[in-house]
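Sharing a structure here in structure tokens format.
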């Protein structure tokens, strides 16, 4: 694990594999994730490119922000600091959910640093609907009751099909998460959730000029598929893929499709022009 | 309002329009609804058929069941009691969500009483996923904090598109509901939610022999569309319609489609056989 | 069968059922259909409303137009002539494919005569793609070889699923149609197909003010589903229903859904306003 | 261009790029294609793996089969002969339409030679519907009228959206193809089409044990999306991706998605196991 300092606080990141002629791939976590969440993907990804993982403020091994009221722009700073620390001129950036939203804003803030963007389960703004769901999460988090937080926040992250089919894995996961949902963790989740409240870059999408892959999922109950379609419609150079029978945590529900879409997208060097 | 007694408790029902040669249409509420929820539909429905509304135990003007641990079978008894009280031999039955699930069980318990079934936003069982969502509802209900209950339970009843587009209506609705979510109401909601915990009629679907209309919605985050497809696949005589850009509360999101599908289905007298 | 004269030629129509307080329902045929195609639907439809069927110029029992080069506007005249002959002030109009396209133009030409429009498997223009498919039909028709015409034109009218599942019905139908595809019939088909070549009312859709039901089908290989969506997006007061697992001839593939959607739509008298 | 002999006839193939530790990728053409059709993809594909193209019997630079009545098994022999000639133990195989169907049969005939299969726009059998469409193609081919063949066969190979949007490219293509549709070409097309008539491996799908990627398209009017779903349901180790707004010639309509899905799929070395 490496550390870089942003606004006087520690941001943790990790570098896997050797630098080569490809831009390194920087993956940005969803809100409840951390660098550890990508463990199973590392061997495949590092076959073809250097991989950089990082924890956002209030995530994993990065520093907590008690008492700080922040929005996505702080996380954008963290990403750019990690890019500076690694020291390459250009990066491929992939993100899921919260990380995909931050990724879009990194491409706006520092367009020269982002060669390509692969975005999974993403929206271009926090809709009133999603804001009220965030309110449910945070009201429950404030109870400091790990089980209640699990029941309110977790089931909707998965498709009903995946959750039901893998109910034993989910129950094992619940046992694990309930340990993990300490008061400190839940307080950090409140801040992370609040940092998305005013997210809205719908007016700025046309400024993004790099190639973007937008991957939506038909059973995504957090950023439903219409959000992916709308994002795609407003970007200049995007491709849209819609995963069938898949929920919000596409990396868990369809790990093969997740890896393959990302790898195939970043592998392509030039436009293939037919018509 | 009429009253009939079931197990020593009052069940409220209402009869609209005149009896005619058609079977009356009996509509069964979703879990958080009451007879009042159908007000806007009454003029259209009663043009062509007699309409019967009712509140389930622990709903609307029917009696509360403090201290009673019950499942759907109690509500099935209530439906049959209302059928007896109205006194017609045969009924068309329509239901949404909870009401659709009870409707399926009425068709099993008393097949001769049900000419046709129209089911909206329904599943054939309470999946582990839905069970855990019910757990979130009930843990929050026990707090007796109306706003928290609103945020945990309400947004997911609507598609993100409808909720966002009609955010002012939703906010007015929230103000109303928060008044409505008294301790007594929330305790009734806990019992109603619990009454669905063990619902599972997947093995009995082939016994249902009347024509069934199954209407699912692509943005239904409570009984996702795969549940409608699976129900349709296992019924003997069913038709499936999938509503686009529609959430769980299809009667509110697509009232015209809701009315028209129901009316068209009940209007048809004989099979139209082409191939 | 009744006859009315339009431009010196006979247009055949039929009136089923008694006039009542509802506007009569006038159904307009698809290109290869005739009044006979609706036989199975008559008993259900006439339960609730008076029904009028008609054959377009060059169809069924209406007059052939050898040597005449015409477009949809001639058929619009025929429809209005039938409306005049029947003598009611207002009609509900339903159409499939060619008939739906003519129906839209009747609503433009004579808006006061059309209370509501139900359109199945329709597009707002003949795209270059559909034009080239029409060219395939007509080049084959000119061979005056009934079997070749069957193979070129018929399979794509059905979904691969329906055609395959009902292959014996299709083969019986083929035997029948091959008898039916006389030189005279095929020459009429050439004229009917040509009459659609320049159809394009995309710029005029906003002028249509009556309620419109647009029904598309996901396996429609003649007017694919994007045409239905686009039509719906540009109409002022429309509802869209997308039929699953259904081809272009929705009235044959899903006769129950076809009847029910039409009946439910025409049955509704007033807007049901929720949000 | 290289040549190998199969049953006394010449099969043409080409090898691009250097052999490396990856299995070479062998791409199998759709029915109306040839090695030339892949020109635009070669630079991207050969960045990461050796590429082998080939023409089937009666295609491109391989030998014509006048007077020979054959089925897919002859083409399977041709593929295995090319594999022998190139001399590697194992291949990744990708195919579209006809080529995907042959690819499935190569995996059955010689499972040890096929590491992975990527199949685009494919079905597991020639349905009665597709058989009748083939009959339309062949009746028209026998006329030896290139324009008629274009109109009957070509438009349906594309989605209505792509064809319409790129109508000028299509018209240029038409001018080219009409030159190309010589009597000899059309006679070869008749034999190729006939070679698919009895294709049906539905009963053997469970024997295929290598990983398979199945890519369907929602506007595929030759092998509609239900065929891809059904194939996926019956294979042991398959992934399904459904392309939105895409027709049968996915390599032309969505060249980026085509390349990326193929590259991502073949790039993955090991299962990523989450739940």
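Lettered A, B, C and D in written order, each chain numbered from 1.
We take it that contacts are C-beta pairs under 8 Å (C-beta built on N, C-alpha and C of every residue); 3 or more make two chains touch, one makes a residue touch a chain.
Because the structure is a prediction, the values reported are computed rather than measured.
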Those chains that touch chain D and also touch chain A are none
Between chain B and chain D, the fewest touch steps amount to 2
Residue numbers at the chain B-chain C contact, same meaning over half shared and different meaning under half, come out as same
Farthest CA centroid from chain C: chain A
Cα centre of chain A to Cα centre of chain C, whole Å, reads 49
For the pair chain A and chain B, the C-alpha centroid-to-centroid distance in angstrom is 37
Contact graph of the chains (line, ring, star, complete, other): ring
Every touching pair of chains is listed here as A-B, A-D, B-C, C-D
Interface with chain C, chain B side, in the complex: residues 40-41, 43-44, 47-48, 162, 166, 169, 213, 239-244, 251-252, 255-257, 259-265, 267-275
In the complex, the residues of chain A that touch chain B are 127-130, 132-133, 135-136, 139-140, 143, 145, 147-148, 151-152, 154-156, 158-161, 163-164, 167, 170, 218-219, 221, 224, 226-227, 245
